[in-house]
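Note that subunit A is present in both complexes that follow, paired respectively with subunit B and with subunit C.
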Partner chain A sequence: MILSLRMAWRNLWRHKRRTWLTALAMIFSNVLLVFMISLQFGSYDMMINNTLQAFSGHIQVQHPGYNDNPKLRQSIPAVVPLAVELRSTLPGAHIAARGAAFALVSSDQRSLGIQIIGVEPDHEPWVSTLPGLVREGRFLKDSLAAEIVIGRVLARNLKVSVGDELTLLGSGRDGSFAAGVVTVTGIFDSGSGDLDRSLAEVPLRYFQETFAMRDHGHSVVVAVDEIDTVPTAFAAVSHEIQDKPDLTALDWNQLQPGLKQAIQADMSSAWFMYGLLIILVAFSVLNTQLMSVLERTREFGVITALGVKPRKLASLVILETALMALLGLVIGVAIGWMVAAYLNTVGFHYPGMEQMAEKFNLPDRVYPSVTFFSMILGPGVVFLFSLLAAVYPSLRLFRLQPVEAMRAV
Partner chain B sequence: MTDIRCVKLCKYFQQGDIVIKALDHVSLDIEAGSLICLSGPSGSGKTTLLNAIGGLDKLDSGEIHFGDQRVDQLGKGPMADLRLHHIGFVFQAYNLIPVLTARENVEFVMQVQGVSAKQRRGKSLAILKEVGLEGMENRYPAELSGGQQQRVAVARAIVSQPKLVLADEPTANLDSETATQLMDLLRELNEYHNVTFLIATHDARVMGYARRLIRMRDGKIIADELQAND
Partner chain C sequence: MSSRLHAALPVPAMMRLAWRNLWRNHRRTLIMLLAIAIGVWAMIFMTALMRGMVDEMISDGIESLPGYVQIHHADFRDDPSIQNSLQAPGHELLSALGNTVVAGWTSRVRVPAMISSEKDSRGVTLLGVDPAGEIAVGFDLTNMVAGRFLDGPTDKGLVIGRKLLERLETRLGKRVVVMSQDPNNNVADRGFRIVGVYKATLEGQEERFVYGGRSNIQSLLKMGSQVSEIAITGHDYRAVDELLASIRQARPPGSEVLPWMELEGYLYSMMVMMDGFVLVWIIVIFVALSFGLINTLMMAIFERIREIGLMQALGMRPTSILYLVLLESLLLLALGLLIGNILAVGSILSLRGGIDLSAVAKGMEMFGAGSTLYPALKLGDLATANVVVIVLGLLTSLLPAWRASRYSPVEAITKI
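Take a look at the complex of A and B:
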């Protein structure tokens, strides 16, 4: 085995330049793949996290049917105690109860229909970035206070600022008339046009009173620190509520179906490009190994005459290819990793990112994801395809006739 | 000791309209332990005969027996095994694997034969010493002279004690002094280690080493005689 390995390694360096050129093609594509894939995964992570952290959280418990048809009546009872219960089930996660209703808000000058969210002032900042994005005034403090936090665009549209009063008009859960007067305590600026234009937050208990909800709410939001832990948390939540038929748990993919679709669409176009790159590399390997087999016809003829079987020679050619591909993999991953790790600390910015950044409420820098998977995925596929490309040249060895081969120059 | 018997070997080549009888009913017995020279003009069929006996080429008719075993009809795989374990080859030139040192060239075949690493090492060193290459074990073929390369090829051919070593013009690329030294070596190996050699050659001095000399012409054996040498 060691002898075959040595033989394969030395065979590679019989044509230094040719081997290096082929290895360079691999190194180049591996670096590119590592960079692109880690960037891609990094931006997906960011897209998911930022979108979910902005408001919806990773998991929500709702009344079955509320997600498809968010009516005031599709509420869940004892929403705050439920949140408390889930907090003890998932000590690592952040959990907050919410209610949601449509209402007409009026300032002195204008009226607009928006969504009013009742939130727990103590817990909401942990499941949503909106409280932290309050740029003027402050976030809600007291759970009963008649206070409201609105978005920057809404404030502009209503022509109000911190300290002004707004009137809420809507209908309560029991069909009654719901009305209230609230003071604007804060204005947030999330960068997302939708949220900034049409969302406002009031304390949950004030919300429950105003909209005749009693102890009801509409969702319990669960946010986790790492997206990978969603499935475990989801299982725990589902388990916790399994004997309550009027509750259902939804994960982020159900809450934000567009997100996964956007990622998948982006991925398939990326895979197409990567595929082309990989096929080009495979052809260069095919060419190199075919040449290398053909020029050794005589040598292989002599070895076959000695009684060595074609299988052994074929495995030698595959071994040579594997060594070359390994060289490309190791150097390629090393360089790619250094690039990705560097950008992982300083971030990466490319032109055109602003549009995406605005659409998904992202920062304008991507931090490549440096995981074993993102490092090895592309180069691993290049490695496999290189081996596949060596199959044809090695199969030719099975047709080798020693007498003819030895007559070759 | 196994003897090798060739019975009415025929091998034809079609060249345009002409059929070339490269082997025309060649019958030949090879006694174990003999050193036989095969001579004859160019195109007389020497190489074809060696290739046929070594199973490198298929016959059109005839039989080859190694002891009790008929080997001319073996399939590719079993034939390769027969060569690997029982037949050694020395060709005119380019015998060696260029990326392996002298010792590794010898070990390579042993490795394929399934000899353990420890045995390989000991045997290869011993056999290289035997053929006079002590101290050159770690040289690559390109760092050896033509004669030394042929000695490595001989060492590789005999290291696993084959029933027969086929040598096709082993001295053709060597100067006469080196050729003489190589033939001295082959005779020594034949006499002291009982290696059976069948050597095809044009070279009259090489023929002088053989106790049995076979002459071929046009695919036929025209003379098969014992000679007193030295």
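Take a look at the complex of A and C:
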């Protein structure tokens, strides 16, 4: 083994320039892949975290059918006790009950139709980042107070500031007329146009009274610290509510189907491109290895005549390819890792990115994810395809006729 | 013999020589040819896919609603309310709108409103429109899935999106109540009959925009003949400068004229990014190819060192050898380009019907794109790919060609 390793290494350097050129092709694509993949993973993580942490949480318990068709009537009874119960089931997670309704909100000068969310003032800050983003005034405190927290764009459109009064008009759960007067206590600025324009939060009990909900609500939101723990938390929540047919648990993928699909769409188009790049590198390897086999026909003829099995020669060619690919992998990953690690500390930004970033709940700098997986995934595939490309040249060795081969020029 | 070689070979002979050299090792040439063809295909095909997506996004995004250029009250963007309205276009503006750079224009009322059925209510954007003008700026009548579009500015009916109809659990022909406010902050509400249902590429649009007759909405909101915005389309969304200038000249006092690039920043940044992406992608693929190209040429030269030395000894000039190698490279590149172009155009044509992406429709909607992708082959992109491959390909081949021409004859001949 050591002997063939040494032989393969020496063979590789018989044509220094050719080996380096082929390795350079690998290094080029490996650096590119490491950079792109770590950037992708980094922005996916941020996209998921920012979107889920802003409002929807990782898991929600709802009335079956509410997610597809969010109607006031599709509510869950005793929503606060349910939240308390789930808190004891999942001590590590953050849990809060909510209600939601559409209403016309009017200030002295303006009227707009928006979504009103009833939240538990004590628990909401743990499942959503909005309470922490209140830039003027304060978040809700008392669960029965006639208070409201609105987004910055909404405040601007309604021409109101902290302390002003707003009138809510809508319909209650029983079809009755729902109306209330609330005071603006806080204005949040989340940076996401949609949330800032069309969302307002009031205390849950005030919400239940105004919209004739009795003790009903629309969802219990569960937020966990690590996204990897969602499946276990989800199983625990599902188990807890399994004997209640009017409740269903949804994970973030069901709550925000666009998020995972956007990632999938982006991922598949990216891999289509990476695939093409990798195939081109494989062609380079195929050509190099085929040439290196053909030019050694005579040498291989002599070796087989001496009794060495073609299998042994074929594995020598594969070994040479593996060494070359390893060289490309090590250097490629090293450079790629340096680039990614640097950008991981300073962030990556290109002009015009703000607009796109806002659309996907990203900050205007993305930080590549530097993990073993994100570093090795692309180069690993390049390595594999390089070995595959060496299969054809090495198979040719089995057809070698020693006598003829020895006569070859 | 010596003098003929000395005086540089005539072009046809060089050509023949290069062509034969190319096929001395047919396996190597075929592999390289295949790699070039795949590379060229990848350049053109991928570009057409991305272009198709972004073109569709932009035309969907700007043509029907914002237009290429929009006029509204200077404060409207900050505070899109009924107070910030415009007078109906006056004489001067009308003559500018008659200019040939204008493809179509329309003026509309645009206010936030609440719409309620017996079952549910939703916040929407109510548009009071003149149907003829909407069609002129790009409203596509084939998007009507039920009922009819409005038949004039005085139409008392309402046209809503398919998704909104579903959300409100109502039907064509049913009545809904629309609530908004008039310029004096009084709540204005009126019952409307749903006369038509439209579909849009994005579900978000179907949920958001509700169309009513302009005069009818103006009377509901007690705003006289005022409008919220005037949307104007031209002939090419990339070139709006002339259109913008001619409208700006005639704009009414207190109004603001903006191109779609400023109104729809996301779409504009997508367009700019796509233009950059096309070039980066073509160059990345080329670089991946170039290593193989140099390698192939170097190997071909290495095998022929003796022959090259002999030719030089017989009086062939180094420049002729340089040309010969470049010619071989040119033939290889041209052949690869030919195959690659045929493959690319063929595969794009075969996907004319569109690629179904409904499995990730919700994700595409997040990007602002529809769920069917139509590849768009742009002559400019095709040309870029071909020029990059030929020009950079020849530049890359200069290195091995130059080295080949620099061998000293004696050294080369004695080399094994």
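Going forward, the second predicted complex is superposed on the first by the 407 of 409 C-alpha atoms of A that agree within 3 Å, B and C clash if a C-alpha of one lies under 4 Å from a C-alpha of the other, contacts with A are read in each partner's own complex, and residues count from 1 in each chain.
Assume a contact is a pair of C-beta atoms (placed from the backbone, for glycine too) under 8 Å apart; a residue touches a chain by one contact, two chains touch by 3 or more.
Worth saying up front: this structure is predicted, and the values here are computed from it rather than measured.
With both complexes overlaid on chain A, does A:Gly258 touch subunit B (first), subunit C (second), both or neither?
After superposition on chain A, A:Gly258 lies in contact with subunit C alone.
Counting only touches as set out at the top, which of subunit B and subunit C does A:Gly352 meet: first, second, both, neither?
A:Gly352 contacts subunit C only, not subunit B.
So, does A:Arg6 touch the first partner subunit B, the second partner subunit C, both, or neither?
A:Arg6 sits against subunit B, while subunit C stays out of touch.
First (subunit B), second (subunit C), both or neither: which does A:Tyr206 touch?
Once the two structures are laid over each other on A, A:Tyr206 reaches no partner at all.
Which partner, subunit B or subunit C, touches the larger number of subunit A residues?
When the residues of subunit A touched by each partner are counted, C comes out ahead.
Where does A:Phe272 make contact in the superposed view: on subunit B (first), on subunit C (second), on both, or on neither?
second
Contacts for A:Ala305 in the overlay, against subunit B (first) and subunit C (second): which applies, first, second, both or neither?
After superposing on A, A:Ala305 lies in contact with subunit B but is clear of subunit C.
Name the contact category of A:Leu32: first (subunit B only), second (subunit C only), both, or neither.
second
So in the complex, the part of subunit B that touches subunit A is made up of which residues?
These residues of subunit B touch subunit A: 51, 54, 56-57, 77, 80-85, 87, 89, 91, 94-95, 97-100, 104, 107-109, 111-112, 156.
Under the definition above, what is the set of subunit C residues touching subunit A in their complex?
The contact residues of subunit C facing subunit A are 25, 27-28, 31-32, 34-35, 38-39, 42, 46, 49-50, 78-81, 83, 112-114, 116, 119-124, 167, 179-181, 185, 187, 265-266, 268-270, 272-273, 281, 284-285, 287-289, 291-292, 294-296, 298-299, 302-303, 357, 359-368.
Over in the complex, which subunit A residues touch subunit C? Could you list them?
15, 17-18, 21-22, 24-25, 28-29, 32, 69, 71-72, 102, 104, 106, 108-115, 156-157, 159, 170-171, 198, 257-266, 269, 272-273, 276-277, 279-281, 283-284, 286-288, 290-291, 294-295, 352-356, 358-360
Would you tell me which residues of subunit A are touching subunit B in their complex?
3-4, 6-7, 10-11, 14, 298-299, 302-309, 312, 402-403, 406
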